[in-house]
């Protein structure tokens, strides 16, 4: 099962053993916890003061900060995806010009 | 005698069609541009097979002792013509359906998928 | 007749015959049609497997069409005149991928497509697309490659336009079709240039004749432009999210396999046809496009709200990994250091892994759309309560695609990381970054669609669809746990076919 | 700005394609034509037909013709799929 | 105007079909063949459409597509004939039987009974092209409930 | 010989002119007819290049059927290119 790449190896078996060990450790730590602990009000998500029973955090809000952090970069990329056929062909022509330059001049 | 003029004209046709694809928005105009590119490429293929002073590559009533033009590009061009018709028909079918939904053929107005 | 000799052509001719006859059977009744399709699919799969076994045990299979004897490749005078099929290990590998994906797609489509008339036609198009992919993978002739390129283009676009009741399907199909046709015409122009210079169309014969003149280079650029578009490399990938998002799910998996077969055609042209002209610029171009593709596509996936489009950008980014891996191989093929071969193997292995994982994801998206009636992540949620299997499959596919051990995507990505690291550490850093982005994207998609409280009551997913997804999931797990088996027996011969196999290929066809 | 980039790229492509066409061997004088000379000389004997083009289309390159027929069939199936009547 | 068009069409449709058939039949002797003849014959369908309107071609859709399927199947089967040697091997050429007369090298007037599997393939492709292109024209005409002008 | 060459050049120029018209005209029907005319001229050029097979195919497919399909499509949509 071991995949030798020539610069290292990858074995799912070793990984699985490691994962089993990690699980065992986690269980061990968990079993050391307080048995009298009950879920309380303390860790309910705060959703603008509403009672959070049955509330679903939509995909648009998940990782909000992560997505917002990337947004300036992504919006610039998104601006290229206009969806207009002329732009698609324009990109094809640009790539073709690039390939021509590399193949004819650079080669 | 006419140098490489046929080849150059074919390339001009290709570029003309590409121009139409780039700067025309009407969907049917786009298909027309593609047909022009295809005409240019087909002419290029047939032009590569021409031999100066050659005759048709068909032995029925061929003049004796005459050089024949190269037959392979003609066979390839036949294939490419039929392929061109097939793509044209399919694209026009798409254009008709898009018009049925949107009432327009302007590429900028019918675009919904972006981003 | 001797089946083993004729297997390469039968593997293409049988599905073509099946597709030609399928509408006729469809007129007679649906059970007859399904029986016929089952027969054709089983026969074709068996033939492709036979070809693969032969290729992997005895080497390149050559088949001359219309000659008195299949191995009779050369005309008197020592040059090929007829169309020659030349199946080497990489071609057989691509044939196996196409077959696997097609079988899963048909099993899925059995209950996925609801409406009868459209179903017959869509199945016909699927069969044709399959046959076209096999034709592309097995051929040894440049013009024949173009013809089958067009077969796959048209069949794929027909499938994309399946949803004629919305305007989005035809729109995506129109755009895709225009780009495919322009790419095909570039291809044809390149063929005209090469034919005009050398009077030959056979790949091996042309490879011997090429001298690296200006015309050769123009032809190379045209071929590259057309094929890079078809494989969906950034920035000419823009048709891909549209098409993947709008095609019916069983068609999308075939579309993904189609991009991979186009990738195969690109490699065939770069390594076999133009392999004699060592040109590092082209290798760096492929590497650069690969890095750009995996980065841009995974960034674009972050902000998508449509589940289909999100997975589609994930699919585009995987193409970047393959381009990166094989591009590293291409830049180093002249000096042949070990890491070049490693990256090449990784890129080729990733084709199979990607076909399995992304296929699983697209099929799960199709199931979600059918069950919940929509794909917008803003309105989906809580599907995991009812669609337990589907959510599990989606999760598995997402992890495999993001390269989480011990699933299959990790093994191939590790090879690509290591190989590209030794060429330039920046490349492997970009690849790892893209993998992390993809993980975030898919966790977000999974949480948004499947977790959380129940919203509404989704329809159950029919059993054939679950079986199709389960087959892919088993493949993902198997390749994840036993990567060495596949790498040793399937991928290494395929990579060697590109790495050192050029002379072998030319010898097999030309005998010199 | 974007328009100018596209225009520049278009001009580069145009220049390179025209360069390629101008650098071709002269029109009407193929340099290498082994395959075609063979077809012209032997198709009567091998395919028993006078029309060399037909001999190539259906005999020497018959497989291409099969692909072409497939393209046409695919397009017709595609058109039938796109223009079908939806009962919904 | 319309009467003139119809009269011309009544004459032209059989002429187009005949000419298409001729082109297909002599494909191995003179310029032409399955594709060319099929295209000419399929333009008869377009002519019918122009002259007599959508209703005249409505019934043609199903037969034309069946014709196309059969043509395709026949073509592949003809390819399979040579499987004793290789796929697409011209088994009939020079065999002396049907279409099997040998051809003398060099210029000659040409005989119909030559060409091996080429004439049957021409017919198969011809039917396929008539069916396919005719079906495309009819499908376009029928889309959206017929004439909307 | 010379006359043939001049004719070829003339037809080539006419093909380009027809294609320019096909791209430039605003009326789609006129544009399609210009395309059909240039296809017909292309067929003539094929004939002059000693390719009658291709000429018949181009005349039948390119000029007749393609134009017919284009006209049908335009009839199902609209005739003028909108701005």
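A, B, C, D, E and F label the chains in the order they appear, each numbered from 1.
Just so it is clear, a contact is a pair of C-beta atoms (placed from the backbone, for glycine too) under 8 Å apart; a residue touches a chain by one contact, two chains touch by 3 or more.
In this text, all values refer to a predicted model and were calculated from it rather than measured experimentally.
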Each chain counted as touching chain A and chain B at once: C, D
Between C-D and A-D, the pair joined by more C-beta contacts: C-D
Most central chain, judged by mean C-alpha position against the global CA mean: C
Intercentroid distance (Cα basis), chain E paired with chain D, Å: 21
Centre-of-Cα separation between chain D and chain B, whole angstrom: 9
Length of the line joining the C-alpha centres of chain B and chain E, rounded to whole Å: 23
Multi-chain contact sites of chain F, meaning residues that touch two or more partners: 51-53, 57, 61, 65, 69, 73, 76
Two or more partner chains touched - positions in chain C: 9, 13, 16, 20, 23, 65-66, 143, 147, 150, 154, 157-158, 161, 164, 170, 173-175, 178, 182, 189, 196, 199, 201, 214, 218, 221, 241-242, 303
Shared interface positions of chain D, touching two or more other chains: 6, 10, 13, 16-17, 19-20, 24, 30, 33, 35-36, 39, 44, 50-51, 53-55, 57, 59, 61-68, 70-76, 78-80, 82-83
Chain C to chain E touching residues, read off their complex: 1, 6, 9-10, 13, 16-17, 20-21, 23-24, 27, 63-70
Complex interface listing, chain B residues touching chain C: 7, 14, 18, 21, 27, 30-31, 34, 37-38, 41, 44-45, 48, 70, 72-73, 76, 79-80, 83, 86-87, 90-91, 93-95, 97-98, 101-102, 110-113, 115
Complex interface listing, chain B residues touching chain A: 18, 21-25, 27, 30, 107-108, 111-115
Complex contact set, residues of chain C against chain B: 143, 147, 150, 153-154, 157-158, 161, 164, 166-168, 170-175, 177-178, 181-182, 184-185, 188-189, 191-192, 195-196, 199, 201, 241-242, 245-246, 303-304
In the complex, chain B residues that touch chain D: 2-8, 10-11, 14-15, 18-19, 22, 44, 47-52, 57-60, 68, 70-72, 74-76, 78-79, 82-83, 85-87, 89-90, 93-94, 96-97
